[in-house]
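Below is one structure; the comments refer to it alone.
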Amino acid sequence: MTTEVLGLPLEIGASSAWLIWILPFIAALIMPGIGKISKHATGYVAVGFALMSAISAASLIPMALEAHEIHDQISWIDSIGLKAGVLADPLSIIMANVVGWISFLIMIYSTGYMKGDKSITRFWFWMLFFIGSMQLIVLSDNLLQVFFGWEGVGLASYALISFWYRDKKKDHVGVEGRTVLGMLDYYAPTHAGMKAFIMTKVGDVMMIAGMLLIFLFAGTFGFRELMHDTTWATTMSAQGLLVPAFVLLFGGAIGKSAQFPLNEWLLEAMTGPTAVSALIHAATMVKAGVFLVMRLAPLVFALSAAGILADQFFEIILIVGAVTALLLGLQGMVNSEIKKVLAYSTGSQIGYMMMVLGIAGLSQQFVNGYTAGFFHLISHAMFKASLFMAAGSLLHVVGSRFMTDMGGLRKNMKKTYAFMWAAGLGLMGAPFITTGFWSKDSIFGAIYTSGHPWALPIFTIAVLTAVITAFYTTRMLGLVFFGSKSKHVKKMEAEGHHIHEAPLSMWVPYGILAVLTIVIGLVGLSFEGGLHEIFTNYLEESFGIYSVHNEIENSILPGFLDGINPVALTASLSAFGIGTGLGYVFYIGRWVDPVQFVNSNILFSTFHKVILNRFYLNAIIYWCFVVSPLWLSRGVFRYFEQTAIDYGMNNGLQKAVGWSAKVVQGTQTGVTQSYLFVFGAGLLFVVLILLI
Amino acid sequence: MLELSSTPLVIIAILGTVGVLLPIISIARKEKGSNSFYAVIAFSALIVSIGYVAYQFISDNILPSALFSKDVLVDDAFGGFFAIAMLIVAIFTTVGSFNYMRKKNYPAVYYSLILLSTIGMVLVAYSTDLVMLFVAWELMSIPTYVLVGFIKKNPSSNEAALKYFLFGALSSAIIVYGISLSYGLTGSTNIGEVIHGYATLDASLLPLALLSVGMFIAGFGFKMGLVPFHQWLPDTYEGSPPTITTLLAAGTKKAGFAATIRVIVLGMVVLNLDWTLALGIIAVMTMTIGNIAAIMQKNLARMLAYSSIAHAGYILIGLAISPYSTLGLQGSLYQIMNHSVMKGAAFIAVTGIVTTLAVTNIDKLKGLGRRMPITSLGLVISLFALAGVPPLAGFWSKIVLFGGALDAGSTIWWAPWLAIAGVLNSALSLAYYGWLTRKMYFEGETEKRVSEPKSVIAIMIFSMIFLVGFGIYPDPIIKFVEFAAPTLSLDIMP
Amino acid sequence: MADVVFLALSVITIGSAIASLEFRSLIYGSIALMGTLGGIAGFFLLLDSPFVAMFQLAVYVGSIAVLILFTVMLVKRELIFKKIEDKRRKFVGIALMLIFITALGSVIMDSGIKSITTDEPAVDFRTIGADFLIYYWPALILMALILSGSVTGALVLARRENVENDQRTD
Amino acid sequence: MEYALLQAVFLPLLLSPIAYIIGRKLGTTPAMWFTFGILLYSTILIILSVLSGTTEEHYPWTEQFGEFGFLLDGLASPFAIIIYLLSTILVFYSKPYMIHRFHEQYAEENHEIVSTNGHSTLIESSSLSNYVNAKSGLYFALYLVFAMGMLGTVLSTNLIEFYVFFEVMLIPGFFLVALWGAGPRRKIGLMFLLWTHAGAVVLLLGFLMIGLSLGSFDFADIHESEIPQNILMLSAIAISIGLGVKMAVFMYHIWLPWVHGSAPTPISALLSPAMIGIGAYGIFRLIVEFLPNTFADLSIWFHIWGLVTMIYGGAMALMQDDIKRLLAYSSISQMGYILFGIGSMSVLGLSGAEMMYVTHALGKGILFMMAGIIIVKVGTRNISQLGGLAGKMPITAVCAVIGALTIMGVPPTSGFMGEWTLFYGALETAIKDGSTIRAVTFGLGLVATVLTMSYILWMLKRVFFGKLPEHLEHVKEGSWYMTAPMMVLAGFTVVLGIYPDIFFKQIIPYMNGVLGV
Amino acid sequence: MTNELIDFVLVSIALLGIGIYGLSVKRNAIRMLFSIEIIINAANLNLVAFGRFLPHSGGQTLALFSIAIAAAEVAVGLSLIIVAYRMYQNIDIADFRNLKG
């Protein structure tokens, strides 16, 4: 099935694989032109191209189900022997679909959300650029090309976070005037964009170091080539560089997926339009790190299986994921800005995914953890995108990013209320009916059954995080929709602003996703089973990783709950119950005033303060990596560059020369006698140096 | 025996006749102020002389250099080289005086003295006998004492002349003293025989021989402006008429080098080679002090005077390393030729400025680039050439010089330091050349153009062509220098 | 014997050289200079060079010193008798002189010429004439040019310009 | 083609007086088109020569110093193409910028008249246009000579010839800065002249040592084995210092912020990317190619020196308020990258270093043009007085972002291609040699990229984003003359970033040959 | 000859020293001229002495040239002094110091 495209032999399937990422780029390139013709048309063109890209992705699904893969290459940098290519294997096809369809929905949402914005062309340009770059990450067959997409999404993220570059007050995040350890906790969009870009760049730098290390030994960046011949790994392992290389690559994932300790940029990234937050900082880009790990993990696992041990790689992933999940979840409990809560939650949930990927590599049953991670990725993408978009509607309507400025909105915004509950239940992991439940449960199961010595503590953290998740989701819903209307809303109503439902183009997308959360949740187990099967085949065929079928036999539960671990199930259920219950007590039923509760006890209030101040991590990072270097450079500039170098070597030299010129001129007195004296003395001098 | 058609004698004949006749004609004509008449005569005499030298070169009548002679004069390429350089300078001076001497007294005597002095300069380079050299030296010097003080109404001219005269008389006495010592040690005044005598000198007499070298260095060094014998030089260059400064800076100074090469370098190689270190030290002192003093000068002529002191230092590098590297003397000769044109052109530019604007204060030269575009262009090009900026002619002589110093590094340890000092100095010198350029071109934007003296323009154009042309294609002049430079080795014998 | 003459001549020459510089009066100074020049002429005689000695007397004592004397008389009285001196400069000058003489003197004393004496007859002064004509003749031509140049130059310089202009306007 | 390189080098020089006359008689626009025509023709000659492979021309010159030749090989061609490409494009940019500058100066000078005469004089439009015509004639003439000097250096095949061109580009540079620079331009012009000249003469010393010990100055005759050992190291150090001054590496960088800050912007855009990089070319040609063993000894020092320069330049750039000075410090930092790459002593590292030259030329060219547009349209160069300009000048902003990405080394701009190959080279040598120092420098080098990113992004933020100060309400986009060149360069950097083989296929085989791989 | 060469040379050196002293100390132009004459005479004495002891005619020849040239120099020098005197009514060289620096 090959055809000629631009003189290049191309498989039919391959051409659609290429198109998935090329189409958005083409759209982005023509966007300024279209914007010149008609601002109105840009939206339709953008959505159209996003749809086409998504359809291309969908056209590959059959291939994924057959565990087929397309690997197509063209020449690129011949002089180094590098090729560009697409690699459409089940992993990337499913991911491409997730990205493609969610971004399509968010594009539709954006047509409503961004309506009337003056810079709409720019918005569409960057959104399309983002989609293209993201799909490039997903579909690339080599690390270098992945890095192109990697930086592309970073760039798009930067551009979209600081989309409202005029830095109006309403576009900031954080509480004005609030400081943590002397650092202002209030960020302008342009600042936030920079912060995000530079912080992820730290990760990217690690990633490029890892890439280069691997390239140095393997001579290739290609994923398949790396798997094909593994002698490079033997050499690297012998030199002790294998694990560092992969850990460095994981550094990129840490940065992009906002994992500890590079998590702080994600919160400020909320300065971007909410559609952007939904697409980039919830559904897709932050998942790129997870995706990268999923690309690499089978390779590393296969190497481990072949005797080249790299357990530390998975252990680091595990620890980073666990720490992030707990840390960000805790912070999500106290923040008052709705988008920030969602952002914390995103980071925390990605921590889950990392955690389970780490545990997968450490367990015998790799595919379980792998599937669980991916399943959670998909379900999280759906409900978190939905939640974000809904939050965007709220912001749109209320005009404030603080949940304390909302309250009691359930009557005004019924659809949003319903969809948010549905999606929120997904996040909380409401038993049996939501995707979130099934995916989280499979994570618990995978961790619990891994048999790794750390399984139990990690499991505890996971469950604790689940409790926290349920709690803060309930808190969010309670604060927004329950209780009485806030002063702000009342004031708005008094001013004649009617609080009403969001327009159709906005609620439909998040409606669809919320409904999907429930619908897939209802068939969650079989969905998971399907994924499991696909990945089992995939891992077998591509990496030679065979799963060990020992789990189902040990199951004590009846048929339809096959593959479910009872401990995990119990934990999951109780976590949901405890978290939701606590949330209900404080925020829906409002039986206890949370403020009083916190202040009642010095321990609680201290703890509250610490998590509200983000464990001081942000402030410390600022002090160490922004303030001190700036202070240092200022010092160097003032006391070295300007003084020693600039003044010293320019003016100082000039002065020295001028001074010696004065001295020399001083000897030129104009008195002939002294000249003659010098002549005589000079004669003597010459004679003496001749004679000596 | 010296043939009557040999170059030095012909030059004596032509220039001497014209030089002596000019005052007589002026007495006969009994009229004043016909400056250009005498200038044209002098100019044509000089042109005929330079033509004769060139003819001798072309027709291969000139002996290769580094020959000693049984006579007092020798018609060799070395002398011919200097003759051309000196005659060019004399022509510069004469042509530059076309406008400068207008409405001034005694033009006939003025040109006559220039011609006589020119004979002296040329003959210094041709001399192979110390007596001859001394007499030529005096013929070169005495008319310039008069010329420096020629503007009788001008106190600085007189002051300059007095200082110059006192120094000149002292140094010629010192030279005689030096000659007396070397004569006493060797029994002859012929340079060839002196060398022979030195080569077989009794060890106990060596200090006296070195004493005579020291006296020569001091005596010739005065003319060359070597530190510490330089102090008269800025004062005199500043005070004297700028045309005469041209003659002094570009001409007589070079004659000093010719004498030094003939006597000290050629002659004394056979002695202990310690004198080279002395020359090296003097070279470094000279260029450093010259450049440093030049930096803060307010007066253009004075700045150029200091710069010419510095250049004496560069040239001296070549002399100091001459026994160790063939490039040394070549570099010196090359630099001498270039410096004659560069410094000549620069001082003629000063002449032009003085003639039209009557100022030499640099602060008053703001916007000169607009007022006198051609003069200032010529000045700037010669300044950059002096600084050794490529692709101007001055660059090539400097790299030959410094290259020679580095080349000599394989035999003598201190030679590369001369190159380093030279290089740093030429970088330093760019400071004041650049500053002057800045004054002329980047300040005083509102000045209007004034008419420039035609004679000055002619010289500027000539020197620009020379400096740029030989800067881009230096091969002919390099070949000429190679031909003219004597080769030194420790076994040269008459 | 001759040593006495030599010593006397030395004393006269050096003494009058110092005197010519140190006498308060310029006129006496010039006369003392004549003494020095004469003393040198005496040395020349002592060195069996009568021709040079005569020339010395004729040119130096006869014309140069007289020229100087006249010039001295041309200038104002107080300039002739006034002697302004910088004390410090004087001491430094004397020090330089002493160092100079000591240094060069010791160089010469150490060198081989200390023992040089001669018993050969003096050069016949006719060889000088032959030298002039056969060997040094270009120098003689130059000498002539020097003299003509210096004479015209000196004349031009010494001429009173304003007087001349007055005459011309008459 | 015969005489192609000779034409490409000397046509601009020979025709520069004509450009002057055209400017004087006919005005700025004809002079601009004339200059553009010459440079375009020369650029095409260069590109054709590159396409036809390695080109070499030789002409007799002096016997003592060897022949006058031109060589366009894999090393020289990227430099040559970039130099002439930038020069050609910047001709357009020059016109509006320089007219703006001439008007400013005319006003200044007339103000001087007013103040000295005490009574006001009307500015007559005819005298103003005469003034502008005369000045632009001079400008374009100097511009041509400047471009020619840079190209000649890169193409020369003889040490002395190299030095001559090295200095020739200095003189018009001096005049351009001193005549039309900003601030204390005369002083800065002199500073430029003196520092770079001082560096050049040190370079000359090194040349002379090599040339004299070999007895020939032709590149073809330079064989490391024939040079005495003690001279070899000394001359290599002298050459490195001389070129280091040109490259403005740490400790020799003093002149650069002043000069690049002050020079007229089109000239800054040539100085900074094209000219200072010629120092890097010199190191490639003279040390890496001709003195490989010495280079092996020195490379670690280049590496460290480069690293220090990278970090220092970046840190200082953070502190600048003058936008052009910021870019100047950034250039210092970028030269550090190049030196760092040279120090890596591996094929890809060296190729990456050369690629960095290309990419820095494109990126910094764009950024300097951005600064120029701001100077012309806003009238200030202080970052603290700017802000929020993205909406007012969108094309400039977009191009500036692309330029910034190029400098930061973010794909898909060419900067990334330069950077990763460069760092790969550093890593390769570190691992192969098992050298801890190199491993540490590699790591710190990567940290420096974050620093680069910080100052560039902060600059963009302060210039284009944030609140729009009130006095900037009426700012307009720059004219097409100014924006079009930027767009060309921006397009170039993206094309090169996606398909870097255009240059890599020239560079990498050459570097393979040099390192004997 | 009863006298040794060294005696004459020493006298000559002494005269040279005195001349240099006079030049660097005396301010009166005419006295400076005296000093120069003294030095020239010292040199001449040296020449003739060496010529006598060699023996050779060259020393005397050069001495003759030297004397003649000294005469020419003195003529020029005196005329310069006269010009200066006319201008300043003064011949104190130390006062002629407009050119300096």
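Read from first to last, the chains carry the letters A, B, C, D and E; within each, the first residue is number 1.
Criterion: a residue touches a chain if its C-beta (ideal position, glycine included) is under 8 Å from a C-beta of that chain, and two chains touch if they have at least 3 such contacts.
All figures in this text were calculated on a predicted structure; none of them were measured in a lab.
The minimum number of touch steps separating chain C from chain D is 2.
Highest inter-chain contact count (C-beta pairs) belongs to C-E.
Compared with chain A, the chain whose C-alpha mean position is the greatest distance off is C.
Relative to the centroid of every protein C-alpha atom shown, the closest chain centre, again from C-alpha atoms, is found for D. The distance from the centre of chain A to the centre of chain D, each centre being the mean of the chain's C-alpha atoms, comes to 38 Å. Centre-to-centre separation of chain A and chain C, using mean CA positions: 103 Å. With centres set at the average Cα position, the gap from chain A to chain E is 97 Å. As a whole-number value, the distance joining the C-alpha centres of chain A and chain B reads 78 Å. In chain A, 665, 668, 670, 672-674, 676-677, 680-681, 683, 687, 691 are the positions where the chain touches two or more neighbouring chains simultaneously. The multi-chain contact residues of chain D, meaning those touching 2 or more other chains, do not exist; every residue touches at most one other chain. For chain C, the set of residues that touch two or more other chains comprises 89, 92-93, 96, 100, 104, 107-108, 113, 136, 139, 143, 146, 149-150, 153-154, 157.
Going by the touch rule set out above, the chain pairs that meet are A-B, A-C, A-D, A-E, B-C, B-D, B-E, C-E. Against chain E, the residues of chain C that register as touching in their complex are 1-3, 6, 10, 13-14, 17-18, 20-21, 26, 29-30, 33, 36-37, 40, 43-44, 46-49, 51-52, 55-56, 59-60, 63-64, 67-68, 71-72, 74-76, 79, 83-86, 89-90, 92-94, 96-98, 100-101, 104-105, 108-109, 113-123, 125, 127-128, 131-132, 136, 139, 143, 146-147, 149-151, 153-155, 157-158, 160. Considering their complex, residues 60-65, 105, 109, 112-113, 116, 160, 163-164, 167-168, 170-171, 174-175, 178-179, 185-186, 189-190, 193-194, 197-198, 201-202, 204-205, 208-209, 211-213, 228 of chain D touch chain B. Of all residues in chain B, those touching chain E in their complex are 130-131, 134-135, 138, 142, 145-146, 149, 152-153, 155-156, 158-163, 165-166, 168-170, 172-174, 176-177, 179-181, 183-184, 187-189, 234-236, 238-239, 297, 302. Contact residues on chain E toward chain B in their complex (touch as defined above): 5, 12, 16, 19, 23, 29, 32-33, 36, 39-40, 42-44, 46-47, 49-51, 53-54, 56, 58-59, 61-62, 65-66, 69, 72-73, 76-77, 79-81, 83-84, 87-88, 93, 96-101. Contact residues of chain B toward chain D in the complex are 327, 384, 387-391, 395, 399-400, 402-403, 406-407, 410, 419-420, 423-424, 426-427, 430-431, 434-435, 438, 441-443, 445-446, 473-475, 478-479, 482.
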